[in-house]
Amino acid sequence: MSLWIIDKSAMATFVANVMGDYRVVGPKAKGPQFAFDEIEDPAELRLDYNTSILPPKKYFQPQEERLMTFKRNGDSAPEAVIEAEATVIFGVHTCDLHAMRVLDQAFTQNFPDAHYLTRRRQALLIGIECLEPCDEHSFCKSMGTLTISEGYDLHLTDLGDVYAVDVGSEEGLTLLKTYSDARLATESDMQQLNRALSAKWPRFPYKLELDVDELPALMSQSYNNPIWETLAEKCLACGTCNIVCPTCFCFNVYDEVDLNLENGERSRRWDSCMLDVFARVAGGENFREQRSARLRHRFMRKGLYLVERYKHLGCVGCGRCARLCLADISPINVFNELHE
Amino acid sequence: MAENGNGSARPKVAFFDFACCEGCQLTVIDALQTHLELVEAVEIVQFREAMTEKGEDYQIAFIEGSCTRKEDEDRLRKIRAQAGIVVALGACAHIGGVNALANLQPSLQDVRQYVYGDKWDWYNTYPARPISAVIQVDAFIPGCPIDRVEFLSVVKQVLLGKTPAIPDYPVCVECKLKENVCIFDKGGVCLGPITRAGCDAICPTYGDGCEGCRGLIPNPNENAMQDVLLKAGLSVEQLRARMTMFNAYDPAQIEA
Amino acid sequence: MTQIAEELLYLPVMAKVLEVESLTELEKLFLIQLPDGHSLGNAPGQFVEVSLFGIGEAPISVSSSPSRSNGAFELCIRRVGDLTNALHTLQPGDTVGIRGPFGHGFSLEKMKGKDILFAAGGLGLAPLRSLINQVLDERGSFGRVIILYGTKQPKEILFKEELQEWADRKDVEFHLTVDRGDETWRGNVGVITTLFSKIALNSRNTVAAICGPPIMYRFVLMELMGKGIPETQIYLSLERRMKCGVGKCGHCQINNLYCCLDGPVFKYSQIKGVEEAL
Amino acid sequence: MSKVDVNVNVHHLTRVEGHGNIVVDVKNGELVKCELQIVEAPRFFEAMLRGRPYTEASHITSRICGICATGHATASLRATETALGVKVSTQTQLLRKLLFHGEIIDSHVLHVYMLVAPDFLGVGSVLPLAKSHPEVVKRALRIKKLSGDLCAMISGRHTHPIAMTVGGFTHLPTVKELLAMRKRLVAAREDMNETMALLKTLPWPRFQRETEYVSLKKDDEYAFIDGVVATTDGFTYALPDYRQVTNEYLVPHSTAKHCKHNRDSYMVGALARFNNNYEQLHPRAKAAANELGMKPVVTNSFLNSGAQAVEMLHCLEDSIQLIDQLIDRGLQEEPLYQFQGKGGEGVGSCDVPRGTLFHDYIIDDDGLIQGANCIIPTGQNYANMEADMRALVPQILDRPQEEITHLMEMLIRAYDPCISCSTHFLDVEFL
């Protein structure tokens, strides 16, 4: 829409101002790593973070979320609980912005999901362009998620002393104008931005040995590939890969009651298709009993099923699963091996 | 008093302990700090650690500790005969826990001699075993010690007439949900990938790798876990120690 | 697809149990009425999510035919676990939470003018009964109606009176079998596929609707293929674990298909190559 | 004294940790048998430690006792650190002390309120007490939650601490948490005052018996961790010489190992610490002791519970000071100890709620434990408990049997015996 410039030194004021009216979240240091968390002091915001342990999707689909409260007396109807709060999320990387599109589709198609959508509508996303690869595990360039032109309210690019701010929505513009003293970009700012963007490109390796558009076709031919058996030998079925993935959204539902058994709540919690009992039905039959079948399902979802259903690939190349997998199972290696 | 899910009045509950540190019973007492209504929800008729009164008429028995002596078996069977529901409380009762470490030593005689010198033969202990090796157990509350929240959850499930379920997924799930920095990333080791969750990943959260006190998940990939631990720099001894700290019990040990 | 207000997606309505009937040792039939006499508006083959608060929620097929609804609907529920056990303790006048109807049911329009072959195994009769009764209520729009039903033992046979009515009808070809008989059993003994020898089919013009345990599908499908019934004319109803019923939770996925959205009723041609389906 | 027969047989003593029996047999006014029998299943911790990596020792031995798990872990770490020559930082020492205070309060409040108070208030347990004296029970649970939360803030949980490890901590509390905890501690002064007020009203049995009191001692603080072993008979020993104090021996009538030093028995625990370290108590704690009429040397074992209450107050006040110190210094993540390939032998000692605890390890150059010895407080108290029983019985022989039984139970309970800590208890068939 339009390009603005904000001094880095003015960011703290911007954040502080926004904090007056919104819950502000963003990447914060967590030991040697980073996690999205509520910002209590603008100095905590680490826009220079490499990646976060969990993706920011947790602000739209929290790890555990109440769906409703109920009484067990049998007569009163349950009451829906939708806990949403006006939120501004700073520092979302482009891979995670791409991932949001998958979630948006999943929670809107067929049956719109108010729990997700209410939060989504009340949140503003402020993206940030990656100028360096976050680490050896990511492969965003290969997945076409190294940059993005929509899906954010504001998008920052680090230009040294200033951030270039690309406005992606009316709400973003209002936010910027209300809470910061950003100025419109000049011709030379734009040139500087373009230079930064073209300079970043060669810094990122292209790791996929095929064109990403061919990935769904590759996956659809790979159902019976022996790779699933090989990987299953070292996979721990720990579920980590699903839990940290920005495009995973499966969940389980639980009822909890208080000790006098009168009141309770029903909530949902993130689940993982890598876990042993994910596909077990009453009667004991488990439709993906083998680890190999579960691994295959996971990768099929990433490379084929989601794109068929939601028009976006289920892997955005953020590298979180590869980084945290103790068995060193990485999508990029899997895709490449299937390609061989 | 409202009726519970079974349509019956508050059930009578008794606590029993065998070889253990009684930390799980203590955790039950700790649960009262936040949930005093527990004493209204159930009627506690026996709890030697905390009370003198002693009722023999109970429907639910919580049993803490491992069976380490022949005479323990009789007591266990008596409890089983009386209780409609028997719940194993904590690692010692559930999987043998640290008690089973003695089973790994060269011989039980050697163990007794080491501690009691020439009076070793005053003892009648035998290899430690979980209570399920002796009696049928309806539900398990894993952990060393148990988790308060999980204890309360199992009580509620029983009151609702449900089969008490505990998580069958690994600690890594809870650990990741809490967004912890993985212990392996800090240069440590952890059994979280194959250990049953339900503790809210408390050890990794406090900077220490999982030691497996809650027992293994169903169908664990133990080979892969060992590869990961060796790669993280454990020696074979350290690996064996880690895998056995709470999971030393092996039914083969008690066949003799 | 039924439209549901966003914020009500996961929120059951409190429905009343009007009648409870014991069908076998394990199955009970519940007649359920939505609040304010609303009609469920289901198609045969669709399911509802049934809740007891504190215990949980599970998908259950609607067993009554929309053509006989009278504002209430029937669920035939087998006692297998926590929720279904608790449901079995319900009495008339009690309430249950209901969401739905959900899923893709049988397409009646595509069946019109055709011979219809029903093959039900065990509890699989519950969802098929909905379709069978609807077809019988519009009997004139269909060709032959053939019903094959098999259970493991005689005591597991569901809806006995209704089966008798079907058997008595001149315009229904009804065949019953049990895997293992007992001293009182006079009928056919053998798995359901043994019934196929008793019927001649006009394969081109026959639509088959099958529902039963996973193992049954493989064998029944073989029979149907053997008889030359086109894959596009075979419908099956599948069962998977479901935590939402509306295509979000991921538990019911069969490869790329969501059992709750794309099914539970599938055309065989739709799932033939889908490895996890059968 | 009248010529009476008394037969006390308390099977499975309640409201103590672990299983024990009291047997008193008086024939014609003559004490024939007076025993505390231990029927706890032995668990062989020392033998189990052999061959295990040193890193596991504190986690395994914390499982000796659910109540003084932190005490065992601390003593274990001190033994390991001494054996391996590990120096711990001031921050670690401060955090350990603070954690230890949490455990002392947690254990004492449980004992005073839930195990002992029912005796005085004439009920069988804390459950009826919750009905008859709800404010008392709620206060107890409040204090217990506070101390439990204090422990959890530092080590993850009270029973079986997680974050304490050889040389330091794997997790640090935040300043925010420390400040919030400080606030709660300050607010808890009121509950402590109420506790003292309650204790003042209790009819403590009158009983005196002189004995030797043994505890750790330090010049500059009320000793809980490290120091020297000191006795009221005027002896002091460096920790490595602990065996000169404990002198474990077997007696024919009992199956538990007994300890003795200068006399036939000695006492460890809150009262022993109080008698040895009165001067180092926080002034508020001293004042409270005065109000209870307690001044060293107190020789009434029943007043062990009084000493526990005084220690609770001391720990509360000292915790506040420790938090201030920690906040002033600022918390820093410190590198954890890495094994240097050299083993050794070391003794670690703490004064846990029930008394002085010793852990003694031999670690080899692979970091594996080759030998271990643990001497727990209750074992040291056995001889003294029996001596007390022998002294008390003749004084109360004229009372009804029921009352005698009750007083004997109260006496044993006053020691807060932790019978489940049975690293050293023998176990034989009893008649």
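Letters are used for the chains, namely A, B, C and D, taken in the order the chains are written, and counting of residues starts over at 1 for each.
We adopt the following convention: a contact is a pair of C-beta atoms (placed from the backbone, for glycine too) under 8 Å apart; a residue touches a chain by one contact, two chains touch by 3 or more.
Everything numeric in this text was worked out from a predicted model, so none of it was measured.
Looking at A-B and B-D, the interface holding more C-beta pairs in contact is that of B-D. Ranked by how far their CA centres sit from the centre of chain A, the chains are topped by D. Chain A and chain B have centres, each the mean of its CA atoms, that are 37 Å apart.
Taking the mean of the C-alpha atoms as each chain's centre, chain B and chain D sit 25 Å apart. Between chain A and chain D the centroid-to-centroid distance comes to 51 Å (mean Cα coordinates, whole Å).
With each centre defined as the average position of its C-alpha atoms, the distance from chain C to chain D rounds to 66 Å. Chain C has residues 54-55, 81 in contact with two or more other chains.
In chain B, the residues that touch at least two other chains are 5, 160.
Contact of a single residue of chain A with at least two other chains is seen at positions 257, 261.
By the definition given earlier, chain contacts exist for A-B, A-C, B-C, B-D. Of all residues in chain C, those touching chain B in their complex are 54-55, 81-82, 85-86, 89.
On chain B, the positions that touch chain C within their shared complex are 5, 7, 160-163. Taken together, the chain D residues at the contact with chain B in this complex read 12, 14-19, 40-44, 46-48, 50-53, 56, 59-60, 63-67, 69, 110, 114-115, 118, 124-127, 130, 138, 141-142, 144-145, 148, 155-160, 162-163, 165, 169-171, 250, 255, 366, 368, 420-421, 423-424, 426-429.
Against chain B, in their complex, chain A makes its touches with residues 30-33, 35, 53-54, 63-64, 233-240, 243-244, 256-262, 269-270, 272, 275-277, 291, 324, 326-327. The touching residues of chain B, when paired with chain D in their complex, are 17-27, 29-30, 32-34, 36, 39, 44, 47-54, 65, 68-69, 72, 97-99, 101-102, 104-105, 110-112, 114-116, 119, 122-125, 144-145, 202-203, 205-208, 211, 235, 237-238, 241, 245.
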